[in-house]
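In what comes next, chain A is part of two complexes: it sits with chain B in the first one and with chain C in the second one.
Take a look at the complex of A and B:
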C-alpha cells in the first residue's frame, strides 16, 4: 500500500483542461441547489403553517411529513425516487428532476421546523396588536408576523441552503452532470483522483463561503433596525 | 361593507363627537372568562361582569393585580373572547358562545364582524407592541392601508397628522428600537387613533414607563378625553383617575366590587375592599 502511494504520480497539469467541464458542473450544481432551495423554502413554510394550524388533520399531517422526511438520508430518497418510482409505478424522472424532488422533500421538512420555531418566537403581543387594529388573517401573517419570524429563521435557513449545496453532490450517483458528477467522470478519464477531488473540494468550499458571506450581509441589513 | 372613517378627517382639529356624555356606546353583559376551564387549576378571572360606557365618557378601571381589569378590556374587543356573555358595541351584539365549530361560513362571518368591531375600538397596550420592522410612520399607516384599504399616500398623510397630534412629527422615519418608552407609547396611541376609533381602550399604558415619562403620556390621554373621545382606562394612576375619569369601577377577584363617580369613589369608597386597596396605594 505504501508502495502504491509512493508510486502515485501527481499530475496537476491536467487541471487547466478539466476546468471547462468543472465550470459546467458548477452551473448544474447551482441550478439544482437554487431550485431546490426556492421550492423547499415555499413548501417548508406551507408545512410549518399546517403544523401550527388549528385543524387537527393538518397538524398531524404536517407532523408525519416532518418526521418521515427527516428520518431517512438523502441517499435513500434519491435512489428511491429515481429507480424505485420508475420501476414501481413507471414514472421516469430525469436525474435532475429526481434530485430536485429528493432535496426539496428532505429540506422542506427541516425548514418547516425552522420556520415553526421562528414564528413561535415572535412576540404574541405583535399578533394582539394586529388583531386589535382589525387586521385579517392574511395581512396579520404577511405584514406583521412573517417578516419578524423570517428574520429569526434566516440564519438557520442559510445553513440549510449550505446543506443543500453540499448534499447536492450525492445526487451524482444517479448520473447528473453536477459538479460532483462531472468530477467523477473526469477522475475515471484522467485517473487523477487526488488532484480532481482536491480541486472539487475547493470549488464547494468557495461556493459555500460566497453564500455565507452574502448571507451575513443580508442578515445585517435585515436586522439593522431590530434589536 | 364600508367602514366609517369616523367623525373627523385627518386635517380637521381633534374632536371626537360631543364632549357631553351621550348615548351608550358599548355594553358588556354577564361577561365570564375562565382560564384553563374544566381543568384542576381552573381560574375564574371574570365573573358575571356588567359594564357599559356612554359616548364621550371616560371610565376608569382600578383594582389589585390579577383582579381581571385587563381581561375585561380584552373581552370587550375579543382579544380574549368572553366564554359567556355578550358585548354590544355601536348597536351590534357579539358573543363567542355557541359558535358552531364546524361551520366555516359561520366562522368567517364571525371573524368579519370581529374585525369590523375592532377597527372601531382602538387599544393601547402596556408594552406598546409596536411593529419593530416598520418605521414609526408605517406603524401608524399600516392598518389604514391594510384594513381600511386607504391608498398609501392618504394613509401616510393621516398617520403624519396623528403623529403630530402626539408630538412625534420629528420621528416619523425612526424605527421603534430607536425610541424611548414614552415615545413608543405616543406612537402606539397615534397608531390606534389613525383608525378613527369610536372607543379607546388603555391597558395600564404607563406601567412600563420610567417615572419621568408617565406625565407626558397621561397628558396625551387627558387631551384625548377633552376632545370627546370615549375611553376605558385601566390604570394605577389615581391622580389621573380622579381628574380625568368620569366614572370609576373597582374590580377585585374578577368582579366589579364598587362603581360610581370617579371623584366620589376615590374620596369616599364604601366597600371595605376598595377602602383597603386605596389605603394601600395612596
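Take a look at the complex of A and C:
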C-alpha cells in the first residue's frame, strides 16, 4: 500500500522557462487592474458625490448602487456579465472587457464609501473658509475639499487597488491570459501544479508588496504638510 | 445578429431545491472556515504579540504572505498542488475549507491583534492585582473584551468569506454557482440561473448582516 504512494519528484527546473511565459501574464494582469482602478476611482467619486448630494433621488440611487454592488462577489459578476448579460442583450463582450466591467462595478461601490467617509472627515471649517474667501462651488471642491479628502482616503484606496490585483485572477476563468490564465495553461502543459501555483503565488505577492511599498512613499509625500 | 433572448425562468424554478441545497453548502463551508480562521487568527495574533522575535516574526511573515496571494491561487494550490506533492487527495470541500481558512486567518489575526492591544491595560493590571494568573486574565478579562471590539470587523470577514465561497465551484464543490452552471449547460439559459444566484447571495449577505447586528446589539455595554 505504501509502495503505491510514489514519492513526488519536484521539478523546479521548469521554473526559468515558466517565468518567461508568466511575464506576459503580468502585463495583462497589470493592464486589467490598472484600467479597472482608474475607472472605479472615477466612478466611485461620482457615486460618492451623488450619495452626498442634496437631491434625494441621486442620494437614494447612489445608496442602492453601493448596497447592491457590494453585496455580490466578483465571480458572480464575471459569469453574469460574460454569459448572462451577453446572452440577454445579445452583446458579445471579450473576456477582458467583461473583466474590466466586473472589477469596475464591484470596486467603484467600495471606493464610493471610502471617498464618502474621507470627504466627511474634512474639517467643515475649511469649506466655510473657502466660502468666505469667495471660492466658487467647483473651485471649493477641487482645490480645497477634495485634495484633503483624497489624502485621508489614500491608504484605503490602495488597499482596494491591492484587492483589484488579487481579484483580477478570477477573470482568468473566462479565458484571459493574465497571470492566472497563463499559469493554468502552463499547469496543463508541464503537469507541475505545486511548483507553478507556488510560483504564481509569489508573483502576486511581489506585485502586492511593490504596490504597498510605493504607496507608503506616496503617502509620506502626501502627508508632508501634516504634523 | 443573435436571436432575441427569451427569458425563461422555468429551468431555475424547477431546480429551486438544488439551488437551496447549493446555497446551504456555501453557508456551512463559510461558517466552518470562519470558525477555524478565528481560532487560527487568535493563535497568530498571540504569536505576534508575544514579544519574542522568534515567534512574532514568522507570524508577521505569515500574515503578509497570505494577504498578498489571491484566494483562487490558494484553492488551486491546495487542491492540485499540495495534493499531488503530499499524496493526500483532499475532497474538494476539504480543499475549499483549507483555502478559505488560511485566507481568512491572516485577516482575523490582524483584527484580533488590534482588538487585544486596544483592551485597556488597567484591566490586565487589575486582574493581576486580584491574583489572576496570566492565562486566566487573558481568558476571562482580555479575550471577552477583545472579542466585543473585534466583532464588527470580524463580521466583515465573515461576509467576505461568504462571497469568497462562491469561488469553490471551480474545484468542483456542488455549491449554488455549480448548480447555476449546470442549468446553463443543460438549457442554454445563462441569464436566469446567474441572476438567481446573485439574488440568493444578496439575501444571504442581508441575513448574515442582520444576525451580526443583532449579536453586536446583544453584546453592547449599557
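For this structure, a couple of remarks:
Simple rule for what comes next: the second predicted complex is superposed on the first by the 219 of 227 C-alpha atoms of A that agree within 3 Å, B and C clash if a C-alpha of one lies under 4 Å from a C-alpha of the other, contacts with A are read in each partner's own complex, and residues count from 1 in each chain.
As a working rule, a contact is a pair of C-beta atoms (placed from the backbone, for glycine too) under 8 Å apart; a residue touches a chain by one contact, two chains touch by 3 or more.
Note that the coordinates shown come from a computational prediction; the quantities given were computed from them, not determined experimentally.
Three-chain overlay on chain A, with chain B and chain C fitting side by side and no clash. Touch criterion not met for A:53: it reaches neither chain B nor chain C. In the superposition on chain A, A:97 makes contact with neither chain B nor chain C. In the overlay built on the shared chain, the residue A:226 is in contact with chain B alone; chain C does not reach it.
By the touch criterion defined above, A:180 reaches chain C but does not reach chain B.
Residue contacts after overlaying the shared chain place A:205 against chain C, while chain B stays out of touching range.
In the superposition on chain A, A:156 contacts neither chain B nor chain C. Aligning the two complexes via chain A yields an angle of 110° at the C-alpha centre of chain A, spanning the centres of chain B and chain C, rounded to a multiple of 10. In the superposed model, C is the one of chain B and chain C that contacts more residues of chain A.
Between chain B and chain C, the shortest distance over C-alpha atoms in the superposed arrangement works out to 25 Å. By the touch criterion stated above, chain A contacts chain B in their complex at residues 123, 125-126, 128-129, 131-137, 139, 143-144, 147-148, 151, 225-227. Against chain C, the residues of chain A that register as touching in their complex are 5-6, 8, 10, 68, 71-73, 75-76, 79-80, 83-90, 162, 166-167, 169-170, 172-173, 180, 184, 187, 193-198, 200-201, 204-205, 208-209.
Within the complex formed with chain A, the residues of chain C that make contact are 1-2, 4-5, 7, 64-65, 67-74, 76-77, 80-82, 84-87, 163-164, 166-167, 170, 177, 180-181, 184, 189-192, 194-195, 197-198, 201-202, 205-206. By the touch criterion given at the top, residues 77, 79, 111, 115-119, 121-123, 125, 127, 129-133, 142-143, 146-147, 175-178, 191-192, 195 of chain B touch chain A in their complex.
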